Each structure stands twice: as structure tokens, then as C-alpha cells.
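What follows is a group of structures, each given as C-alpha cells.
The same subunit A turns up in both complexes below, where it pairs with subunit B and then with subunit C.
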Partner chain A sequence: MIEDLFGYPPFSLKAAQKKPLFLEALTAVTQHHIANCPEYSKFAKAFCDPSNLTAVEDFPFLPVTVFKTNKLTSVNESAVIKILKSSGTTGQTPSAIYLDKLTSERQTKALAHIVQDFIGKERLPTIFVDTKAVFKDKESFSARGAGVLGFATFGKNHFYLLDEDMNMDIEGLLEFAEKYKNEPNLIFGFTYLVWLYLYKELTAKNIKLDLSNAILVHSGGWKKLIEQSVDNGTFKAHLKEQLSIKHVYNFYGMAEQVGSVFMECEEGNFHTSVFSDILIRDPANWQILPHGTQGIIEILSVLPHSYPGHILLTEDFGTIMGEDTCPCGRYGKYFRVAGRIPKAELRGCSDTAAV
Partner chain B sequence: MDIFKDKVKLICPLTGDLAKVVAAQPLEPFEKITLQFINIVSETILKDHSLRKYPELIALAYWMRSAHIKQLQEQFINSNADYIQVPRGLAFHIAPANVDTIFVYSWFISLLVGNTNIVRLSSKTSDQLETLLAILNNILAQEQFEQLRNTTALLRYGHDTEVTEFFSKQCDLRIIWGGDATIKSIRALELNPTALEVVFPDRFSYAVIDAQQWLAHTNKEETIAYFYNDAFWFDQNACSSPRLVVWCGAEKDITPARNIFWQLLEEYITTKNVPVQPAVAVQKLTAEVQTIFNAKSQVTVEQSASNAINRVFIESFEDISRDAHCGGGLFYETTISELAELGNFLKTKDQTLSAFGITKEQLSTFIKENKPRGICRVVPFGQALTFSNYWDGLDLLATFARKVELVV
Partner chain C sequence: MDSTSKLKQVFADSLGLPLEQITDDLKYHSLPEWDSIAHMSLVAAIDDTFSITLSTDDVINLSSFAAAKEILTKYGVNF
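Entry: the complex of A and B
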């Protein structure tokens, strides 16, 4: 079942082989949530006949925002060991995701499986473009904290670039770069923080570094960067020019589905792994769209056990480019993300001008 | 008033003196110049065929027709001789962002009873609104309307509590057109102690259909078109847009009646060819899920061909989440065997009941016998959005004026 999926390299299964395994695991997870989360049970029964789900597209999908307004758990309160809060767009309520030991372990393990396919199994000296304060509270932390903690488990000689007040430790950075200039090392950070500190601050201070052996892994959304007209290509080009970083991997993921992240390969495509799947739905009628057609991204993960976040409709547009045929050689679906769906423009008196 | 020079933009009349308007004397109720002005605005809109594409403007122009204004005048004057109705003074209107024409109704009713008026328009604009403002400016600029120019200011300013508080302290009547959040934030600002405040908060409205009457109805297409207008003109976000459809009758009638109704509506919507905004589809899905979570009993999401219409069937009235609803073509449905069952369900938040196949007598009996806490208007399909001078249970003409008791 779910544990069996850990027995396969994360990008080794072709569609025909993955389909029955994934469906079986997804069915088990869904039945677990129906049996243990009353809200989820009502939800599933309102949208479908839960005893008759034969393909991933038949499973009902929860809009990701419901975690902002509802406490949804599928385990006893006493089993919850930590609460993950999504960073949330400015001014919005953050989501709260309740994690038990099993879910947390699965997330850590799955993340390691997936990332190691890109950076190798060896533990690498790691720069975190973040502060230790981000996971100071062990019971409640942000998606950023979860990312740093996740990567901490397969890095070594951790160096945190920022202090609690978000000031850069330039000296420490120069030391790190010098010490590990001849061996592979890892840089991990939130996309915007990487841009702000590693690129903009260093450029402003006129510091050029040789990080040519570094692999940069980053995530966290492009909203702020797009506002500054920085796309993925610009991002990579500037980091290469300023810091000689050649290997840059973005990943698509969210606090509501930590662990089963979608890594961006050398070809610029995000990839599903054995733990995850993706569907593209037509906003006009929720029908599944064929590969090559843009629609709303639905993400599926078999990892969530303590909260019913295994099948989520995101607020992002995306397109599946193909399955099992990415030139990078990894099997599974591969896709592109086009960004947030535009805000609704509704008329009517309920939406008024506040003072 | 210099402090507001940089903050406040006069929209109509284009040139004017805000200080003068604040200090101006009220007019006579139904003063000749007021009637002339309203009549010219009405005629200008109705004569210009290029404005036919703005149904809201046309509805407004019909409301402003001199024959209708005369009716209002008769309602206003035809009252007890033991009091005289006089203007309150300065009315401060805060208009909603998304219903373009509401501010005109609010302003004109206030103007008709003789008040001077300051209207804060939302910064949000539309072609329809700008067209309307241009018409108003053109007419108001005519020489004979000097008195109206001196007693009227339509303006825009940012979210500035200082400005809102200033007008609130000066005015004799503060009118806030909705949004509970807007009302809450403006209520926190000091209001002239002798001023009256009239607010129009968020509302919930619905349709009641007699299943048997609907099945027997011969002109179903026309009724569907009316319902479409009621529900979709303001993206189902007007206070009076139906959000809950209550089916009344026996189950054997209700099942086929529902099928026919929604099928015809889906077909009609297809002919309108209005694309579904992705964010609206997601919002509606979120509202559906929240409604399901909130419900004590199991509710059902009905299959629909497209996300133009989404439906949730809810058996128990107590499971209807008024606040979870987001508009945009989401319909709650429930059933009753007779009208009286609605009685306990109605809340003060409920405003308009659009009725099909139920007689005036039945409705009148229902309201008298059940004394529902909500409901301010009962209208036929197609008239849910029609503005009336009785709104949210208030006689606006009487409310915007003051009664001077005369017992000597």
C-alpha cells in the first residue's frame, strides 16, 4: 500500500505500473479519512459514492482554502505532534495543518527520496537562506520552517545565512564558499529570500562568489518576483552570473501537502513522483483536461494521514506537458505552472467600499 | 474645507464648493426644480438608444419617469394632517462598490424630500457608471439647476476615516449601503448625535416555487428568463438575488419540477454564453464544501453540466449556511410541503422572497399568521432586483424626511 510506494525509486514507475499501485494507496487513504474525519466523510458523500471510486479523477477534491477556515483532522487530538501554518498571502488567514508522527515521518522520508534523485544520496554541506528562528517552536511552524527542517535531515554542516533579525552573515557565507568550493554543496531557501539575499543583497554589496559546485533548491511561489518582472529564466541567469550557480531546482509544493513535492527537472518541468499525481481540471465544468491544455491544478498525495489533504484543488493554473516522456528521463507526469488564477470580479451589493 | 482639497475629488457637479454644500439650506419636498431635473435625466437616458445595453440604467430611468415620481409624491403628501413632513437637512450617502445605480436612488429619494446631499462614490468604476455620471454632469451644468449644484456633491476619496468622520459629524442623515463590514467600520466613527443612521446590511434572499403550479405552467421559458435576471444580473450578489430555492408541494411533483426547472435554466444560460470565471468556480466549490461541513445532516451536491450553475440540496432548513454562500450562480435547494413551514426558518437577515405559483392571498395569510422575523418584500419572478422606495422594511421617503407633529 502506501508503505510499498517507498520501495520504488520515486521516478521509476511508468503509467501502467503506477496506476494500480497509486489507486490502491489513494483509496486506502480516502477510506481512512472518511472513517476518521466527520467533515471529510460528509464532503465525500455529498460529492460522490465513496464505495465506487475506480479512477483518480473520480475522487472528490477539496479546495485548498478550506484549511484556512476549518480545523480538519483524521486522528485523535492527542496524536497531533505539530501544527503547520501556511505562510498565506498577505492579509489572509493562514492554513493550519495538523500532523501526527506517521504523516510527519512519511513527509520527511518522501521528501528525501524525491530530492535525492536530483542531488544524490550523499549528505552535502548546506547553506540555508533562512534563519534558525523559522523552526524555533517545534510544535507550530510555517511551511518555510518545514522546508528547512526537511532539508536539514539530508544536509550536513548546516550554515544559516540569516540571523533572527534577518541580517546576513556575510563572513560566514564567504567562509562556507571558500571551505567547500571544491566539493558539491547544497543551498536551500524560499524562492523570494534566495532572490532578495543571495542575489540582490550580494549584488548591492558588490560581492561575487564562486558557488559553482552548489546545487540550489528553492520553492515558495513567484508572486513577489513576478511583480519585479523576475521569471524562472531571469532568476537562474542572474544567479549563474553573480554566483556561478549552475544547478538550480525549483519545486512546486504547499504547506497542505508537504513532502510529496513536485521537483522541476533540468528541462524546466515539474514532476510527479510515486507518492503524488496531478490532474488538470476545466474551471468551466470540473472535467479533466487533456495534456497540453491549461486548467486548474489538482494535486494528489498519498502521504497525509492525520488530515484530509490528500486530494486538493489548488488556486493555480497549470498544464500537463506529458507522461513518462520527459527528456530528463524521469517517469511520471510532468507539468508547468502558469501562476495564480486571477481574482474574481463579482458585482452585487455585498461587496462594498469599506472606509 | 481646505484640509480635504487633496483628499476629496468632486465628481458631480464637476466644479463646486463642498463647504457651501455642507452649509446649504434644504429644498422644499418635491420642489419644482428637483422634479424637472429628475425628469430630464430620465428622458435623456430613455431617448439614447446606445444606452439600451445597460439594463440597470434603463430600469433607473423608468423609475425616474415623471408619472412614477408623481406617485411617490402622492404617497408622500397623502398623509395624516396631524403632521408636516420636512427635510432632515444634510444627507451623507455611502454608496456600494458594485451596484452602479444604487447611489442615484438613494440620492434622488433624499433630494425629493428636500435634503441636501453628499454622496461618497466607490473608487471602483465601470463603463455604465461613467456614462451615468457624464449624463448627470451634463444636465446638472444647465443654468436652471444652480440650486441643485449648490446642494449636491458626489465625490470620491480613499479609505479615509477623517473625511468620513467629518461628514458624519455634519450630516443629519447617514445612509450606508451595505456590506456588514462597511457598516461596522463606519459605525465606529462619530455621528452627529441628532442625525439618523440608515443602514442596508448584507441580506439573504430566495425563491419559492409551487411545484404543481410550475409543472402546469405553460410559459416556462419566460419564467426561466425572469429567474435568470433575478439571479444573474448582479452575479447573484445583490441583496435581493435569490440564493435558496424552496420547492413547495408533494414529492411526486417536486422531483420532476426540479428537473425541468434546472434543465431549462441550463439551456437558457448556454444561450447567454457567459464564461465562468475560474476564481468564481473555486469560490463556489469552497462555499459548497463549507456548507457541507457546517451541516448537521448529510447534504447532496447535484450534478451540473457546467459551473455556471452549481446546486446543493439541503434537506433541513437549519443546515442552510447563509454566510457561506458566495453568489456567482450557487443555489441551495430545499423542499416544504406547505408555505407555513417556512415560518420558523426566516431570519432578520432575509430580505426578498420571489414567489412563483403562490397567490397573494396565500402569501398574505402566511405573513400574517406566521409573523416571520425576516422578509421585507415578496415579488414575482423578474422583479427581485426592481428598486422600490420601500426597502428593507423602511419607507425611504418617510425615513429620509422628518415629521413635525402639528396638534393645535
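Entry: the complex of A and C
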């Protein structure tokens, strides 16, 4: 079942092998949520016949925004160990995701499996382009806190670049860079913070660093950067020029599905793993679109146990580029993300799939 | 100090618990004191105290005091 998927390297299964395993796990997760979350059960039964699901395309999908307006859980309140709050764009209500021990452990483990494929099995000295203050409230985390905590597992000798007031510890950074210049090290941060502090602030201060042994992993969306005309290529080029960082991995993920992240490979494609899948739907009629055609991204993950967030319709446009054939050698579907759906077009999806 | 006492002390200090609460069946997430944030401090303190670097998998599998002892034996620590 779900635990079986942890027995495979995350990018080792071709479609024919993955399909039955993933379908079995997804069916089990869906049945669990139908049995334990009354709101989800009502929704699922209105959507389809849950006893007769034979393909991932047929499973009911919830709009990701549903967690902003509804408290949805599939476990007893006493089992909840932490609440994850999505950062939420300014002016929007954040989502609240309720996590139990099992879900939290699955998330940590899956994230480790996936990221190890890119950075190796050793724990590396790590710079967090963030502040320890993301952990201030122990019961309630932001997406940033969850990200930092997840990556802390791969790290050692953690160094937090920012203080509580978001001031940079330049001295500490220089010390870190000097100390670990000859061994692999890790930098983790949210895309915009990496750009703002590690690139813009350092450039403004005229500080050039040799971080040529660093692997940078970042996530969190491009909205603010696109406004400044910074795309993925520009981002990578500038970090290389200023800090000699050669290995940069972006990942696509969200607070509503922590753990089963989609890492961007060396070819610039995001990858599904054994824990996840992706579908592209036509915004006009919700039909599945073929590979190569842009539509709305639906993400599937077998990890969520305490909340019914295993199949979500995102607010992003994207395109599946292929399956099992990415030149990087990893199996699974690989895709590109084009960006957010303009607000006006969103109405249709919440109307169709409202709980 | 023998390894068990040393490890108990590390647990007590990192989790902010009295020594007598550190027993083999003390489990990750079973008390509010041993949450994922305390886990990071605990791992760092184990690394330092025993001069080792736990692997990522061992950080994840370190789910009880008993498991910690078992993991540490792989790194040459005798209990």
C-alpha cells in the first residue's frame, strides 16, 4: 500500500509499473477520507461512484482553496499535532491544514527520499535563507516554517541567515562560506527571499562569495520575481555570477501537499515521484488534456491521512512534457508550470467543485 | 559517564525533560516536548556529544530513546 511506495527509489518506476501501485494506494487514501471526513464523503459521492474508481482521472478533485474556507479533517481532533497555514497571497485568507503524527512522518520521509536523489544521502552544512522566528508558534506553522523544518533533516550545522527582524547576518555568512568552501553544502530558502537577500542585498553591499560547492534548493513561486522581470534562467545566471552557485533546484509544492514535492531536474522539468502524480485539465470542461497542451494543474499525493488533500486542483497553469522520457533519466511524468490563473477565471472551478 | 547516561543527559537537555522521564519507551511526538523542532536540537546535540554525523535516514528513524541507542551502536557507540 502506501508504505510499500517507500520501498522504491522515488524516480525508479516506469508508467506500467507505477500505475497499479499508485492506484492501489490512492484508492486506500480516498476510502479512508470518505469513511472519516463527512464533508469529503458528501462531496465525493456527489462527484462519482467512489466504489468504482479505476483510473486516477476518475477520482474526485478538490479545489485547493477549499482549505481556506473549510476545516476539513479525517482524524480525531486529539490526533492533530500541528496546524500548517499556507502563506496566502496578501489579502487572502490562509489555508489551514491539520496534521497528525502519521501524515507528518510520511511527509518528512517522502521529502527525504525525493531530495536525496538530488543532493545525496549525507547531511550537509546548511544555510537557511530565513529566520528561526518561523518556529515561534510551536503548534501552528507557516509553509515557510514547514519547508525549513523539512530541510533541517538533510542539514547539519544549521545557519540562519536572517534574524527576527529580517536583518542579514553577513559575518555569519562569510564565516560559513569560508568554513565549508571545500565541501558540499546546502542552501535552502524561499525563492523570493533567496533573490532578495542572497542576490540583491549582497550585490548592493558589493559582496562576492565563493559558494561553488553549494547546492541551492528553493521554492515558493515566482509572482514577485516576474514583476521584476526575473525568470528562472535569470535567477540561475545571477546567482552563478555573484556567488558561483552552480547547482540550483527549484521545486513545485504547496502547504496543502507538503512532502511529495515536484523537484525541477537539470533539464528544467518538474518531476512526479512514486508518491505523486499530476493531471492537466481543460478549464472549460475539466476534461483531461493530452501531454503538450497547457491547462490547469491537478496534483495527487498519497501522503495526506489527517486531511482530505490528496487530490487537489491547483490555481496554476502547466503542461506535461512527457512521461518516463526526460533526458535527466528520472522516470515519471515531467512538466512545466506557466504561472497562476488570472483571478477572474477561478470562479468556474470553485463553483464546480464546491464542498 | 557510560553511553546510556550520556545519551539520557542529551535527551533531557535537548527536550527539557527530567532525567527520570528518559526511558526506552519515550517516543517522538508522544509528548509536546519532543516535537519536530526539539528533534532538530536533539539530533545536533547527539552529533556533538558523540562526535558523529547521523545520516538523514537515521535522523528520520530516531523515533524513540530505544531507537536512538540502536542507531548509535551502528556508529560504534556501545551500550
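To be clear about the criterion, the second predicted complex is superposed on the first by the 344 of 355 C-alpha atoms of A that agree within 3 Å, B and C clash if a C-alpha of one lies under 4 Å from a C-alpha of the other, contacts with A are read in each partner's own complex, and residues count from 1 in each chain.
Convention: a residue touches a chain if its C-beta (ideal position, glycine included) is under 8 Å from a C-beta of that chain, and two chains touch if they have at least 3 such contacts.
All values derive from a computational prediction rather than experimental measurement.
In the overlay built on the shared chain, the residue A:K121 is in contact with subunit C alone; subunit B does not reach it. Looking at the shared chain after the overlay, A:F154 reaches subunit C, while subunit B stays out of its contact range. In the superposed model, A:E3 lies in contact with neither subunit B nor subunit C.
Of the two partner chains, neither subunit B nor subunit C is touched by A:E178. Counting the residues of subunit A that each partner touches, subunit B and subunit C differ, and the larger count belongs to B.
With both structures placed on the common chain, the touch criterion links A:E267 to neither subunit B nor subunit C.
On subunit A, the patch touched by subunit B and the patch touched by subunit C do not overlap at any residue.
Within the complex formed with subunit A, the subunit B residues making contact are 94-99, 102, 120, 122-124, 159-161, 164, 177-179, 181-182, 185-186, 189, 200, 202, 234-239, 241, 275-283, 285-286, 288-290, 292-293, 295, 298-301, 304-308, 312, 327-328. Within the complex formed with subunit A, the residues of subunit C that make contact are 29, 32, 35-37, 40, 44, 47, 53-57, 59-60. By the touch criterion stated above, subunit A contacts subunit B in their complex at residues 39, 42-43, 45-47, 62-63, 65-66, 69-70, 283-286, 296, 313, 315, 317, 341-355.
The touching residues of subunit A, when paired with subunit C in their complex, are 81-82, 101, 104, 108-109, 112, 116, 121-123, 135, 138, 149, 152-154, 156, 158.
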